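These are the structures in question, set out in turn.
In the two complexes below, chain A is the common chain; its partner is chain B in one and chain C in the other.
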Partner chain A sequence: MSLQDPAGDLETADEASAVVERDPDELAELLGDAVIGREEHVNAPGFVIRSDAVQDVLSTLKEEAGYDHLSVVTAQEYENRYESIYHLKKYADPTQEVSVVVPADKQNPVSESAEPVFRTADWHEREAYDLVGIEYDDHPDLRRILLPETWQGHPLSMDYDKDQPQVVSLREHANPLQADHREDESDTMFINIGPHHPATHGVLHLKTTLDGEQVADVESDIGYLHRSEEQMAQSGTYRHQIMPYPDRWDYISAGLLNEYAYARAAEDLADIEVPEYAQIIRTMGAELCRIAAHMLAVATFALDINGDFTATFMYAINDREQAQSILEDLTGQRMMFNYFRLGGVVWDLPEPRAEFFEKTRDFLDQLPGSVEEYHDLLTANEILQMRTIDTGILPPEVAKNYGATGPVARGSGVDYDLRRDDPYGYYDELDWDVITEDGCDNYSRLLVRLQEVEESAKIIEQCVDLLEDWPEDDRTIQSNVPRTLKPEDDKEIYRAVEGAKGELGIYIRADGTDKPARFKIRSPCFSNLQTLPEMANGEYVPDMVAALGSLDIVLGEVDR
Partner chain B sequence: MSSDQPFITDDSAVVTETRDARMGEGRGDRFNSRLREAFGSSPFILTKFDKFLNWARGSSMFMLQFGIACCSIEMMHTYAVKHDLDRFGSGVPRASPRQADVMIVPGTIVSKFAPRMKRVYDQMPEPKFVVGMGSCTISGGPFQEGYNVIKGAEEVIPVDIHVPGCPPRPEALVYGVAKLQERIANGEASPVTVKPYELEQFSDLEKDELVEHLTDQIDEDDLVMRYNFADSP
Partner chain C sequence: MAVGLLDAAPAQLFPEQVTNALGLPGVVGEFVGALIAAFLVGNVMLAFTGVAGPWAKRKITAAFTDRIAVDRIGPFGLLIIPAAAVQLLAKELIIPEGADRPSYDLAPLVLPASAMLGFAVIPMGQLGPVNLQLADPEVGFALTFAFASIASVSLVMAGYASNNKYSLLGGLRAVAQNLAYEIPLIVTAMSVVVFTGSLRTSEIVAAQQEALFTVAGVTIPSWFAIVNPFAFGLFLVANLAEIGRNPFDIPEAPTEIVAGYQTEYSSAYFVLFYLGEFLHIFLGGAILAMAFLGGASGPGPASIGFVWFVVKVWAFFLFTQWCRSALPRVRIDQLIEIGWKGMLVLSFANLILTAVLVGVIAS
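Let's look at the complex of A and B:
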């Protein structure tokens, strides 16, 4: 029924239905009597539905209206009810969004799981259960995900007592290497990787079951760096107290990209304009951060594959040092920049400006040479090719089902980049390309990152040109923003930017005070990491390590 | 015999003669290191065994490769080019705690990780030293109010040197490590005392409401860590 009018130039009917935009009334009609109310969020229309019709509604929206990307599931508690919000988008056009709001009973919060429709809902609903306490019917494996299994209470629910004692167990006698006879016939072995292990890129714990040398099953155990980021943001004021925290989500020097996410969401929520000059500075800073972040991704990937602590790693760190040095000149800090303010940036470019531009240009000039070097060292390296080509396969359909974004999705040929598809900042004024590779393997993801470094350099160069010629009397770095921001009660927004790892989104619900009532972070790594079993099962152990490295996760962002 | 200092004479003529006699004449200047100058006059030095060992310990430290959070990125920069911690005789990251003698704790400790960190610390051979990197390991830092955050690494393990910052610059970490080397060479280390949060057997916990509630989830002989968030600083 959705295919009545396929656009002429599109190849398949599927793609046609994906981009045809329907107005909310049409969607409501499509969903029928599952809808019990309507809401208006700043970013999208919201449909309040019955808690037992989640699967029907989501599969209708996915199959018939083309909303094939479940960005995030937000759970929250109100005075009189619990609520889960499914933020849906289209990979083909992320500006088309819809929120599906599922209220649940206050005394007995149960609602239907969306996992059979979107695989990505698995972890998102486990997190909602863990932190807020909503139970999902029909969920395959509803356990705590971020907090220890023995934790008491749900910390983001209203009656949580922060001071209560907790007991956390360490299964000391669990043998890190032991026979594991899941089925009578099988001869598998359990092997414990992490949370302290060089290959897990931080404090990730992989419970791996091996069949010989092959991975029979891998389960990620996360939460070893769950620093209560959402609670910290909910207890800070919009104007100044929240901005330092985003720096610490994706801490691989991607700070400005994360700050961009909060700035975009809060500015759209409070209707704040950003001067053009500040937008260019923001765009330039953000892309410098992307270069630094991708450099580390390449460096650690080389470490995982070649075991090469001396060459590639040192080269990449050297390039990062230069990017960090420019960022330090700009912001005053090497990693935790705290440079954006709502309505602009905190200060202008460093004086003397000519010197700053020269330093940036020098960095950009030598960058093609170093990227060439990485290609010589890595992508042209036979050993690396043997380890990465055709390993860690992630087909595009699977990637979409798991909500994968960023270089992981683009390495699987999913042409999805919020900088172009849902433009913000100054990106749509500049000339650059979105990189995609069709290999779907570890190698493609590496190629995407290396090429994105060059695209970022293009963007920075154009920004530097613009900034250099900017009229002297029009250098407004901040618009006029009230000292205390109090967005209207019950105003809700979900806004995302393209972080270093993918779609970094923030949901904010205002309650009329100067602090958000609910602040939910959509972390790209959280969704990307979920694809690991798809890539690793049936492969050899070293291929799993390669796949994990190519996902480029940051535990600070996975666990928040 | 009783002297703490190596025996050094200032008479450079004697030094040179003795050296030439031992090494043969006509050796290049590059063999004339300061140490050679100092020892040249005498093939023996007198010192206390402990003092010598402390000097050796401080001059060659094996670091545990231990990444937790944001600070681990700066720690990587400290190991890598430009800052190169290896210049100070302490830049060999070991992946196994059994081979390491210094642990840099680079990041926020949360409730789920603290037992693991304690375990890794326990697995390191004696003598062992800890550098707490960043504000999170001092007090919980910016996350101190978090429901899941341990208010500093010192709640769990003894810490010798605290390096403040969020994150500390590589230079600051280098300074912290150099200070630790100085302390080790002087034979100082922070006392290993009982910490507020210890690993203990579940059956040893005081039987209160919470423990009763968890009896069917945790085995008697499982190791557990009990957090009293109300009493945390």
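Let's look at the complex of A and C:
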């Protein structure tokens, strides 16, 4: 977008050109001789490029072809090479995707960093370096991100010996909390917020530099909850052994949304059809999860702003509990649902169905009243408005640069929701709206969540109506899926769904066996958390806490 | 309505009554009597906090948040009080490396002590023939504020001596907050003095006993809260800030700076801080009752005045807990802005207004 040119029509023209879809040949022509090969991924065309032309290629794609969203960087090792894949999309139309494949030398895996083009690449490349071992030239700060600084080896690389104990001498084992940050001439104070702190919503460590009470600099230190989820998924079979893991990423009741991400990716990879009836159940369950997750987000945000003992927290937890109870009836579990199966769901709605529908409707009926109450207690409160309006500002351009998605992006006016823009499940058959707010502040993000709860309720209501009238002889909950799934060798796919926190994507590379050769999770919280310094620098400590709360991160998903 | 009955209150203060009742002779007798009286009053206040901290606060918060809270040990869970006492005192007292002693050890003593001192001059009304007021000096009203504001010294001591950055931030916030609110608080309180023309606490209470007007047979007393609701509102807000409760619980701000000045305190020291905070809430309530709600006056004979006093003090406690459950916390810079730019100006306006009114009425 041309910021210098005030002429509005020029901007709209630019925007229009961003949405124009170009076929792969046109793109190849645009990229010129940087392209050394072509690949075909299930979701997008892939361009193999020279490892020293990453910045050129990505900035061309960003500036001239409108691919302004770097979803994720996937790194992996082959027998003869390393490879980084940049999955690009357009915020305006996420169905237009392109994969930029950057091979790197097996002996000396170095590739150019994309950080100067997309800020979000910073953390993604650090993760790639940490877990796979590719080094990125021109990266501003290439350090380990999930594993401790002293870790030896790169766990997802081929020659990694997992049986070798990590021997680290006490001296080497840097204690991040021990460093003496006193400087003689400095007016600032270094303070560790976390890993155990009431405001970090889990085990997040914020290395904060304070100037008085103002945040001069903040750096997130993550990885305390890293559980090798990708590695575990890679050692499970597609058919049954992977589905339980997604529940454990965004574990605060967004389980079905996560399962949806895996189901969508794996079903598209193996060409599995899902019966319509099962899709409606999935959609309903997923939206119930979204309500539960947003309720917790509102609850903890109230904790951050009001302090403990706030009534809002308990009210929201109470509403979440009702959603949880319906989900328990549906899936048999409160949080670790494991309810989706490839090709459908594991079982039908609970009997007696009428009772289940009644319970769900009761919940939906009282929900507008509850939301009204949150508006009374939170958004209409002058003190809360004083605290949240115009604090934690995240301008839309910055949000896009960091790959922010979900309520965080929508609170900055970025109209991006995969349920509508890249439809899956039953969403495109239903009547609902995408919520955006233009405030770009903590308040907007709160508003977005509260309104999305109501939109989710609309979706659930329509699903309940459909399910109630569904003919009894047509209730197929699973399609026919082979007992052992073996997608073709070298088939690659990246598919995302709209999780509770944003774009939750999964990249799978099949190698002809019944287990994925590479399973990469694109966590929305991971990208969203990266924006924290943008929001917090220069603000007061309480506003940083509020900004962190409004990002609504779940460390289980950040660290995986 | 038995407004005005307090006029017949015995002139003797509690310590004299104790001395006379026990027949203690001479100066030593007076001293012993005063000690006993102070001991009794102090224990009543400590008993309040004992009930408030581990039990009433839980029950009240639970009622606000649709929960049940303690109900397993004893009737209504009341035995949680001794249980909590044993639990808290049995914990290990951890003193951080580099703590600045003895101020680290003194801080938890100064906070409750300052609040206890404040009760010395509060007229708490009669219970039967007993007049529950320890002392009634000419400058009693000013003394209560002087005692109450010693609290911030304790917070600074704790914040500084803990050798912890969160504590330091909490201590600094406490100073900033107290500066911003003490002045409006006292200026507002001065408007009460303008009304009564005396700093003697018993006279401030006595001045509120006359009937203001009678509506349909109900006599409305001339409590300053009714005479000057504007000052009452100002005082209430400033009082909330003074005792550091939502929306002004900034020095502790658990989700921001862990627990502020008390981050490093455990076991008995922590109990003392907690005690001190609750005593301060009750002292705040007592000052409010004394200055604006007619002290111990209420329906019924003057001999049950203490009951009304307790009701008013606990009503204020309930109010603080209500605020805590419902209101967001303001930011420290916003609080200072409210204090210096808003409250201070309003409190001076109130003072001038009151002075003019009193002058007009007097002439």
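By our rule, the second predicted complex is superposed on the first by the 527 of 560 C-alpha atoms of A that agree within 3 Å, B and C clash if a C-alpha of one lies under 4 Å from a C-alpha of the other, contacts with A are read in each partner's own complex, and residues count from 1 in each chain.
In this section, a contact is a pair of C-beta atoms (placed from the backbone, for glycine too) under 8 Å apart; a residue touches a chain by one contact, two chains touch by 3 or more.
Because the structure is a prediction, the values reported are computed rather than measured.
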{"item": "First, second, both or neither for A:253, with chain B first and chain C second", "value": "first"}
{"item": "Chain B versus chain C as contact partner of A:336, first or second or both or neither", "value": "first"}
{"item": "Touching partner for A:264 - first (chain B), second (chain C), both, neither", "value": "neither"}
{"item": "Partner chain in contact with A:305 - chain B first, chain C second, else both or neither", "value": "second"}
{"item": "Partner chain in contact with A:318 - chain B first, chain C second, else both or neither", "value": "both"}
{"item": "Which superposed partner A:198 touches (first chain B, second chain C, both, neither)", "value": "both"}
{"item": "Partner chain(s) touched by A:386 [first = chain B, second = chain C, both, neither]", "value": "second"}
{"item": "Which of chain B and chain C A:377 touches, first, second, both or neither", "value": "second"}
{"item": "Of chain C and chain B, partner touching more chain A residues", "value": "B"}
{"item": "Contacts of A:542 with chain B and chain C, given as first, second, both or neither", "value": "second"}
{"item": "Footprint overlap on chain A, where chain B in one structure and chain C in the other make contact", "value": "197-198, 313-314, 318"}
{"item": "In the complex with chain A, residue positions of chain B that touch it", "value": "65-70, 72-74, 76-77, 80-82, 95, 97, 107-108, 110-117, 119-120, 142-143, 145-149, 166-167, 169, 199, 202, 205, 210-211, 213-214, 217-218, 221-230"}
{"item": "Chain C residues touching chain A - in the complex, by the definition given at the top", "value": "61, 64-67, 165-166, 169, 173, 246-247, 249, 253-258, 321, 324-334"}
{"item": "Interface residues, chain A side, partner chain C - complex", "value": "189, 191, 197-199, 213, 302-311, 313-315, 318, 377-378, 381, 383-384, 386-387, 540-543, 545"}
{"item": "Of all residues in chain A, those that touch chain B in their complex", "value": "147-152, 155, 160, 162-173, 195-198, 201-203, 223-229, 231-232, 235, 244-245, 248, 251-253, 296, 313-314, 317-318, 320-321, 334-336, 555-556"}
